[in-house]
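Naming follows writing order (A, B, C and D), and every chain is counted from residue 1.
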């Protein structure tokens, strides 16, 4: 219905920070009951736009209208009163509280100054049934899965009679299966007249869920299209301003036959058991399956981060005992965790300190002290090799973009020139451009004879990168796919177990 | 499920406990009979590590209690009045035959003593070593120990005499006190000042500064160092509330390269090191307050009370002055009590 | 063209501002120093300055250890007790094996105490506040029992009191000793692998773990070092003040923490260093000393100390916010 | 089986308490009487009341070292004001004690100072203030009636027992059934989401500090009436005891987790231990040692059980 008026209009929005112009005349208009996707590389201005809409920033120029009435959003609280709810990447739930209380946080039902617990549980249950979610109002939030957290956040927003729900990378940390579920929920709330602004790096999803898509680049609106009138490759083109063809770089090449890593009957009670596989020199091996199926636990235990109850690991035919990550590194392994913020790099360290953390032995003076000169030289070398975009090596890593942080993480791991490289969700929440660079890098490493293991929830990535893929379900190794046999459907079905 | 289970377990436990408790009470009668054979007394100490005095004192108590094969239950209030009040009540509840208390706080202890006295009318209560405020209570049978106020006067008198001998018309002095707020510190301060007043010598003594030394050698030394830079040669004497601080003072004087007696100071307790300093002339005098004698005194008085002899309220420990004239008599005994370096 | 100019300008401005605001406590120190020199002619005498540092030397050595622990995202409430215990052990054993045995034992005791803390906090992962609170009681109790609660005297002998009371070329040895300790600890933190790892653990122990750092050992190590330094402090103490009383060290604890925090080392871990602690120490020393010189009565000393502490920290915080503005 | 074990571990404090009571009953036949059991509570009152306030503060993720000073300061003001009548003096005392919390709150919320250092400062300041006011010597109460608060009895049971019970029921209710209480957990658990939920984090954090000092002030009244004296050196060692009790009771030092039910258990355990020292006539030289070991033992077992539970959680055993 074209003549229906807009729910939200952001017209000619601009915002600049000292030195940078983050947004430059961005305009987009949202109708009631629409799912509106905003895409763009990191630094394209998505997050700034959202921060303005959710009241964390204020725009220096341009106007925001709701139902045609111009408004000025003072702060996050005010945004919520206006019916704009944002679901952030890191969940904003209170772990020790019950599900119900998280929904009604700050507005628990009160009679005579007394909180009505029963009423709260009932109301929560009602909301869940409305949205056909399966959540227990009395469950402790800390015991919920990542996916359930997302659902809870949505329910929370919905219960606030949100007119607009902003979802920033909602699927970043959840499996394809849960994603399906999430999308159904989104469809539900949209039916109920709520509009959704959807931000994701996973273009595939946008085609599944969104009605409209706006592409941002360098703080400007490149285009706004009906999703059905466009294609994945178009959008990618708009995003990075050039045609990169296959996101996963040039076609792959054959691995050697020389086995570099062999795992026999790896078992850790309750997590995974009897996992056996081998990894060849120059091979990229994929681990697929649902989050919580035990994929990460397996690779972490190989690297020495989790305890192995039984099973043997051979590197170059030698049996090795890996008790902790230190052993892992000494035995020629490297590991990049899926949780960049918490595990991969030290946010409070400078680029220099992060990169050299594993190399300190190489930069000692004769006296056994760290040589500032050598360290700086080394750091600069890696910054160049990995084309990390940073003003200086003394920049705190926390001030870099996600992609560059990941590059620093990779640089750090590879600084030990490992034989085997394990990457857990290597491109989670990273923009397309950086993604491509990282994929290319991984392939180069493989060609240079490194054995590589990738754990990923992104089927396209798995399929595009790997020679072989192992599917894990409920801690067991279910099936091995050869490159030739790889396709999303089979992988998915094997992962969820309806073959 | 989980919860119910656990509460079942707990309630069962507590039920059995209750029954058990009752059964114990039944047995109470005859137990009581044979327990009364031996004498048990309770002693409430204020703060064992606060002063080196308390420790040999406590040992002496145990020893002389053992001689009379009494059982003695001791508690340490860690310098906290509330804890001491609790402990005094707990001790009283242990059907003891006599209660000795060394108050943390002279005034604060009074009410609990009155309470205990009213609950256990025939339990004799002795105040030991540190007086209460007011010093005489109906609730209490008596006091045994040194009179720190008198000690203060004693020390004041000594200094007055010294000044007269030296023929000075005025002496500039600093005053280092025990831990601020503690009874003995307050007594020794008042005693000293009153002594000056009685001798009509206030105007002979010109107070430059007063600082607390918390009974501690290190504080004593630090404070003195500051005074030396601050007052230089004007400073002629430092009045200290105990040996610990006095020794610290003397140490500072040594380090400053002064000669013995150039600036006079004193101690109080009669610790070996202090007596030695008197011998070497660094200290003008110290007061001989033997913790052993003090401890024994408390027990002796308690024994009298238990034997039904009537004792007058105050039994003071004799605290002679140790100075150059008689130092050699005391040195060996000091070593016996406090040990070589003690 | 135009833009770049603007950028340069703002960079220079930023750089200056960042430096200025990052040196907040140094500024406080200078102001205090000037103020004192003006308000009392006693203050700026060499004798007094020496005095000032002589008196905080023990705290300074302890503060080095505490800095290490705090950078590792911990705190040691038993530090003072360790010093006490080490000192007692030292003095009690001197009669049997002379100073060398004493010194050796002091260091040993300190290190062992540190190890006990480190084991429970680093390996067992028990809450550091409660653990050190408990060990503080344990160490004090032990000292009490072995010393039978007596005052002890280490024989005032030139050899032993060399550190504490002698001077070379008119410069007090104790101060040299303090400076050396600080330099060594500083190098340990800034220029060694262990130091760098400690900062990593303090900032983010997960990442440190994944980077192949044995966090348990690093944390344990920080407490061991602290214990060791407490042992050293006890030697300085006994050599300066031959007469020791169990429990006399108790008040040192909060002084030491105050010093470290005054300097600007964050209790949240990973931020700070000996340089900061040195500044904190000087500020603390000046405050202490000026109290005495200006003959401020004891009751008010407490008050003023507290207020100055609060003001200093407020000022530091204010500047941190300003500094962030220019990040 | 494992389930039972874990649930038992959940309630380990209750078990410890029961064991302590049993052993004490065995040793001392006078122990298991209403009167002496009540005296345990009576003795727990002063620290217990403060521990309740401290629990609320800890849950919100803050920390207060100044409770001891606040307690002593309250006593001093109360006794000093007694010439102006009982009511005024008590009111004045409570206000004075609560002021400490107001200042703490302002320093932490407005000044953004780390709670540890801020309260360390106020601890020193108010002790100093107390010393200055009293001339560092104890001051005695002048109103007889005032004693009743801390010394009055009903059927041989101190009123203080009642105060303790009332305070704990009140705080329990507050934490479970009021916004004030729920926001406490919210702020301690996830300050960001609390903010987004429209909770005025600063205001509430401030009030938790005030509340904590308020309980300290109550303790101050009870204590100064109990001993009918005030002295700046009272409560020198209180702060750590109080925090220890709360943490013993399972309240997290990092916020978001804890309950007064746990805290009262912690308080009771410490109280029972004190009593046990007397009943078993532990040599004074070793009493300290015992105290230390107990605290260490509890915190270590806690750490270990926490670990096991986490492991089970990962492995879906629970």
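Everything below uses one rule, namely that contacts are C-beta pairs under 8 Å (C-beta built on N, C-alpha and C of every residue); 3 or more make two chains touch, one makes a residue touch a chain.
Please read all numbers here as calculations on a predicted model, not as lab measurements.
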Chain at maximum distance from chain B, centres defined as averaged CA atoms: A
Separation of chain B from chain D, taking each centre as the mean of its C-alpha atoms, in whole Å: 31
Whole-Å gap between the CA centroids of chain B and chain C: 34
CA centroid of chain A to CA centroid of chain C, Å: 43
Where chain A touches two or more other chains at once, by residue number: none
Multi-partner residues of chain B (each touching 2 or more other chains): 48-49, 180, 212
Sites on chain D at which at least two other chains make contact: 131, 136, 285, 288
Touching pairs - complete list by chain label: A-C, A-D, B-C, B-D, C-D
Chain C contact footprint on chain D (complex, rising order): 107, 111-114, 116-118, 120-125, 127-129, 131-132, 135-136, 240, 243-244, 247, 253, 285-286, 288-289, 291-293, 295-296, 299-300, 302-304, 307
Contact set on chain A toward chain C in their complex: 18-19, 305, 324-326, 328-330, 335, 337, 342-349, 353, 357-358, 360-361, 364, 368-370, 396, 399, 412
Residues of chain A that touch chain D when the two form their complex: 76-77, 80, 92-97, 101-102, 105-108, 110, 113-115, 143, 269-271
Contacting residues of chain B [partner chain C, same complex]: 48-50, 52, 54-56, 59, 180, 208-212, 214-219, 221-223, 225-227, 229-230, 243-244, 247-248, 251, 254-255, 271, 273, 338-342
Footprint of chain D on chain C - complex, ascending: 77, 120, 124-127, 129-131, 133-138, 140-142, 144-145, 149, 254, 257-258, 261, 266-268, 298-307, 309-310, 313-314, 317, 321
